[in-house]
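Heads up, the next two complexes both have subunit A, just with different partners, subunit B and then subunit C.
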Partner chain A sequence: MPDTPQVKSSFSWQIKKPIAGPIILALAAVFCAVFPLFGSTGTLRLMNEIMALMIMAQAWNLLAGFTGFVSIGQQAFIGIGAYGLFVTSIETGLNPFAAVFLGGLAAAVVGILSAPALFRLRGPYFAIGTWVLAELFRIVILNTQKFGSGSGLTLARVIKTIPREYRTSGTYWVALFLTVFTIFLVYFLLRSRFGLAVRTVRDNEASAESVGVNILRIKFIVFIISAFLTGCAGAISYLNTMFINPYATFSVEWSALLIFVVIIGGIGTIEGPFIGVLFYFFLRETLSDFGTWYIIALGLVAIAMMLFVPNGLWGMVSKRFNINLFPTGATVVMKKG
Partner chain B sequence: MKKSESTHGTAAFLSGLAWALLITLICSISMGNAFAADTIKIGYISPITGSHAEFSESDPYMISKVKALLKDGLVIKGKKYTVEILQKDSQSSLDRAANLTAQLILKDEVDLLLVQDSLSSITAADQAEINEVPLVSTMMPWQAWMFPRKGDPAVGFDWTFHFFWGLEDVMKCYTDMWTSVETNKIVGGLYANNPSGQAFANREFGLPAAIASIKYKEVDGGLFIEGAQDYSPFIAKFKTGDTDIITGLSYVQDWATFWSQAAQQGLKPKVVTMAACLLFPSGLEVLGNRGDGLTTEIWWHPNVPYKSSLTGESAAQLAAAYEKETGRQWTQPLGYAHAIWEIGIEALKRAGDPHDRDAVREALAKMKMDTIVGGINWADTPIKNVSKTTLVGGQWRLGGKYKYELLIVNNNAAPQVPVQAELKLMTDLK
Partner chain C sequence: MIAWIDTLIQGVLLGGFFALSGLGLSLSFGIMHIVNIAHGDFLVVAAYLCLVICGLFGLNPLLAIIIVIPLMFLFGYALQKTILNKGVDGGELSPLLITFGLSIILHNLLQEFFSADAKSLDVGAFEVASLNIGPLHIGWLPITILVTTLVVYYILHQIMESTKFGMIVRATVDDPEITSLMGVDTKKINCLGMGLSMTIVGIAGTLFGIKSSFFPLAGGLQLLFAFEAVIIGGMGSIWGTLLGGMSLGIAQTIGYRIGSGWGEFAGHLVFFLFLLLKPSGLLSKETQHA
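Entry: the complex of A and B
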């Protein structure tokens, strides 16, 4: 046997330093911050819708794309966030903009309580489990008079007490804050040691456990963060519409939409959901007046993307040009010592 | 891993591209505001796709007619305006309807909103109220439009006006049919758990109260979740309760499931009167031949003795023209989809200045006019902002020009509408 040189080595890891990403994010934040100065109220509202979906998409991507557990029950947290906001503002008269965060907290609490049961399930079973959770809450609300049962609740009377000029812009600032917060949170989380563990769990739970990663803890934290963000985004979304009804709020269409935008944009990247959301709104704003054809077009886009660009729009660009605005992929560095 | 550092330039370029896309999007949206002042903009929302799509089956036809009618503009107080119709699809979603309404108001700056959509008229009306734009809606019992919005019939609303019938009218229509025939006076009820279903199931003002008022006995089946697969508990209850009459509210799919299970399990009622699912010929066609004899309320029919204030057509002419042009059987929303335009255009005319939202609102608040669905009156109505339309009882029978035809069998509530046939018991058919 040939002699193999014994190299005493230690391993470390590193993530590429971002340059473009944070600069763009900063520019975007500045643009968005001055936007209300020249944007019309109608456009602000559209931005609110876009940002709410952006937050939800990031939160779903954190779960599915980075941690590897696919939820199709995000509407549970959207609904609880929205109902949390409506019930607290209607009952206590709390400022609805502040109540957005309470909605998020309510969703996080539900996340904490349901996690032990949901985490017993894996893969598709977990996905269905989250859907069941959403249906459960829908049925509870359908049968609770205080929550408006099947008829729903209106926020119009609360909104009427807020001066007209703050109605849309108030939601806008909360939405903008949460969007920036979400992107930074997800980004720094994934660049940290914790983020490395998160991706290890996604790639192979057994080996993650073998190197000392506490899988349950990782999953739990990610799940709760995702629930909180989704709850806040749900609250923002329904602050826009001013009316909730369990059928619309707990509809699985929400999850379908999230899957659509994240897959189209590029799952498992921070840029992906962003691109996907913009692409979806671009399609919606240009095509939705075509009624049935618009729905068919969305379906065709989804099929075509999955067949030809399975990594999504961003995945394609990122691979082609070898770029990463928000690098989260770690590289192993071997130090000779 | 080896990544070239030179890619940052490309990265910046591409992200720039992404932002350019966003900015283009925003600009293209803001551009809508640039239109001239002498165009009247009317926003029209209806459920073209989604679960309520059947309610707007006649919309494309009606919109094309209205556009043709208005192609030379509208002359109001000697001034000529062009009319732009912004037709939007609510996708049968309350959320989408709210966002669309806000968009039509804030971005497109419409002068008037017309909403021909049951559920969406709630969220659309809330948005119109908040943003102070006149809105006319239809296609939902007035209670379901008023109470979820926390409205008070004595006070009403400022900007939103609704025309349709109420639960009390539909209840009366049902009980009028039941009392016209011989039964054991026991009624079974089953209701979808949604805003309309809950209103119908309400013990104080819903069907249970109506059943009690004619001293019939009620067997309460309860609420079912839409999409339920097994109705055995309901059927068992109705069988043990010996119900000659079945009533309630359900949509087509759920009703088809219930009705086939009822047949399998030997439930044989004499009269079946359901809301929602029996409105459209398609809802009957899915039942095969088993739909023969089912009864429902009629809010519009080719035989109603009303005519259009826009075109002068009678109801029969409107229905015939629709059937001829589209090759499809007439449906009830056709009349309402027409009437909403009659009202909207009349309100703009009476306002004098169609861009003056207050004037348009005043015109609506003082509105008294005859339309193809009968008289509209918001000027003196006991229920503020609501103008009630009339109902007659109808029975679906096999035969006629299409598979099923809907015959007017009871006109107690509106004697001006001629009866076409006698109500037949289902057990006497076949």
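Entry: the complex of A and C
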């Protein structure tokens, strides 16, 4: 029986309708939006740090958790985003809050240019390749006077042009906007037809290709989106501290932090990075009297999770109570007729 | 002209070290399919281990290496047996993430115990002695490192060609399923493989500590250099790694001649050029880095 066309037309796919997730997110966004009215400058700074890490973690998770490409060179995009912001606002006097997006664009451009070389590497080799990219940029900055060489740059002069009451809260608004934007972008991206293709590439490249998914294009688009978001977050992160140097900015510790956070929270979910980021800040703030031991603790927890609970904290909760705030998993449905 | 010959010789000598440390990484790629992100950090750990042994027994580092080697072998064996063999079941990315975690933990532990200050292994006057041929001055230390590298490569070649272990490894690389059906305990082979890789790391780490000063975070760059040597040389080829190390050494020395801050940059650039123009590397049977 020549039934191929019929089979094609009688199957479709659907994703569970979300209710709880977007509502919680909207409530959280409203709370965060009014937060500067009563929060202290110190708390705002901490919130900025949390949101920057949240964006970076979502971007890493988009790349790794949904497509399977692990990058340990995210510090390249963080650094380029941050330097992009510092250099443009110092040189041209552009408003630093607007320059956050230029930082993100710079990171995206570097992503576009480096993809042809990096995509020659697969799996773990891709990971180390991205790290080499970060090193290349660190060396260029170390050797360029205009970028402050090894001693770094400060935003002190630029920030003086901004009224005192907006200095921290300005960064906060940009960070909040980008956090909400990132979550919705990742969420809708993954619920779309494109998202389905992305996950097919992660699960099985060969079969994805055989049903007509253009793997290279998918990889490329996700990589660039991730680079852009990470660049913006890097810019926010250093706008918050107002000082950069090539050693800290391009440090591989950034990637380590992102990976630990996502693994602990739950890789491949939108909720996971949230939980992981909160866990990190909880650990850091409570163990702050013991030097760097909190990083050692974080690393040990991440390795233990990797070995024994590969779905992370959120995976555990979600399985136990069968909740899914941001459903992205598609199921095949059969149509009648 | 003499200056360029000098650059070339220095490059090959520097490359000898990259080839040695790249060999350790190449083995863990080849045998266990593990991309060991902590490779450079283990190199630094070996240097600290040698420092402690020298301090305890008042030994010369070149003698203390005899104690470092078996300790590193045991460490590698135990690491594979307790942690990495479990991670292998979770796909190829899980060992990568685990070793990355180990790397960060090691950075911080080394900092807690040895402070962030740079240390070095002292071998006395030998460190600066050089062989003078006309206008060329070639250090005895780099020559020793290069000779050690060649000897290690030769021994490894013999192990792979003429021992039972080597035969099993080659068979496993060719067809893992069949060898496993023949009753080969791949987990044990992995443990021995990691032990062997760490033995090389022990030798390379001690030499690293002698030739340059080291600090807790020094491992990251060493991983990248070892990795570049492997990729430039071509995956799956031991002799390729030797050539890759030399190429990287020469690229870096030329970079340093152009400007003192650009040596590493030139190396990274050559690595990227290889990815773009000849991704299979200098000597490789494979076409892609799968």
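A few notes on this one:
Everything below uses one rule, namely that the second predicted complex is superposed on the first by the 319 of 337 C-alpha atoms of A that agree within 3 Å, B and C clash if a C-alpha of one lies under 4 Å from a C-alpha of the other, contacts with A are read in each partner's own complex, and residues count from 1 in each chain.
Everything that follows uses one rule, which is that a residue touches a chain if its C-beta (ideal position, glycine included) is under 8 Å from a C-beta of that chain, and two chains touch if they have at least 3 such contacts.
Note that the coordinates shown come from a computational prediction; the quantities given were computed from them, not determined experimentally.
If you put the two complexes together on subunit A, you find that subunit B and subunit C bump into each other.
When the shared chain is aligned, subunit B and subunit C each come close enough to touch A:L142. Counting residues of subunit A touched by each partner, subunit B versus subunit C, the larger count belongs to B.
In the superposition on chain A, contact of A:E49 is made with subunit B only, not with subunit C. Of the two partner chains placed around the shared chain by superposition, subunit C is the only one that A:V70 touches, whereas subunit B remains out of contact. In the superposition on chain A, A:T41 makes contact with subunit B only, not with subunit C.
Within the superposed three-chain model, A:L121 lies in touch with subunit C and out of touch with subunit B [touch as defined at top]. Residue contacts after overlaying the shared chain place A:I295 against subunit B and subunit C alike.
When the two structures are aligned on the shared chain, A:S207 is found in touch with neither subunit B nor subunit C.
Using the contact criterion defined above for the overlaid structures, shared-chain residue A:T161 touches neither subunit B nor subunit C, since it reaches no partner. After superposition on chain A, the stretch of subunit B that runs into subunit C among 2-10, 128-136, 200-208 or 254-262 is 254-262. Shared interface residues of subunit A, touching subunit B in one complex and subunit C in the other, are 139, 142, 253, 291-292, 295. Of all residues in subunit C, those touching subunit A in their complex are 35, 37, 83, 86-87, 90, 92-94, 96-98, 100-105, 107-109, 111-112, 220-221, 223-224, 227-228, 231, 259, 261-262, 264-265, 268-269, 271-272, 275-276, 279, 288-290.
Listed in rising order, the residues of subunit B touching subunit A in the complex are 1, 3-4, 7-8, 10-12, 14-15, 18-19, 21-22, 25-26, 28-30, 33, 48-49, 87-89, 91, 93-95, 98-99, 102-103, 105-108, 119, 122-123, 126-127, 129-130, 144, 147-150, 193-195, 197-199, 223, 225-226. Of all residues in subunit A, only 16, 19-20, 23-24, 27-28, 31, 39-43, 45-47, 49, 139, 142, 148-154, 156-157, 159-160, 167-168, 237-238, 240-243, 245, 247-249, 253, 274-275, 278, 281-282, 285, 288-289, 291-292, 294-295, 317, 321-325, 329, 331 touch subunit B in the complex they form. Against subunit C, in their complex, subunit A makes its touches with residues 68, 70, 72, 116-118, 120-125, 127-129, 131-132, 135-136, 139-140, 142-143, 252-253, 255-256, 259-260, 263, 291-293, 295-296, 299-300, 302-303, 306-307, 310.
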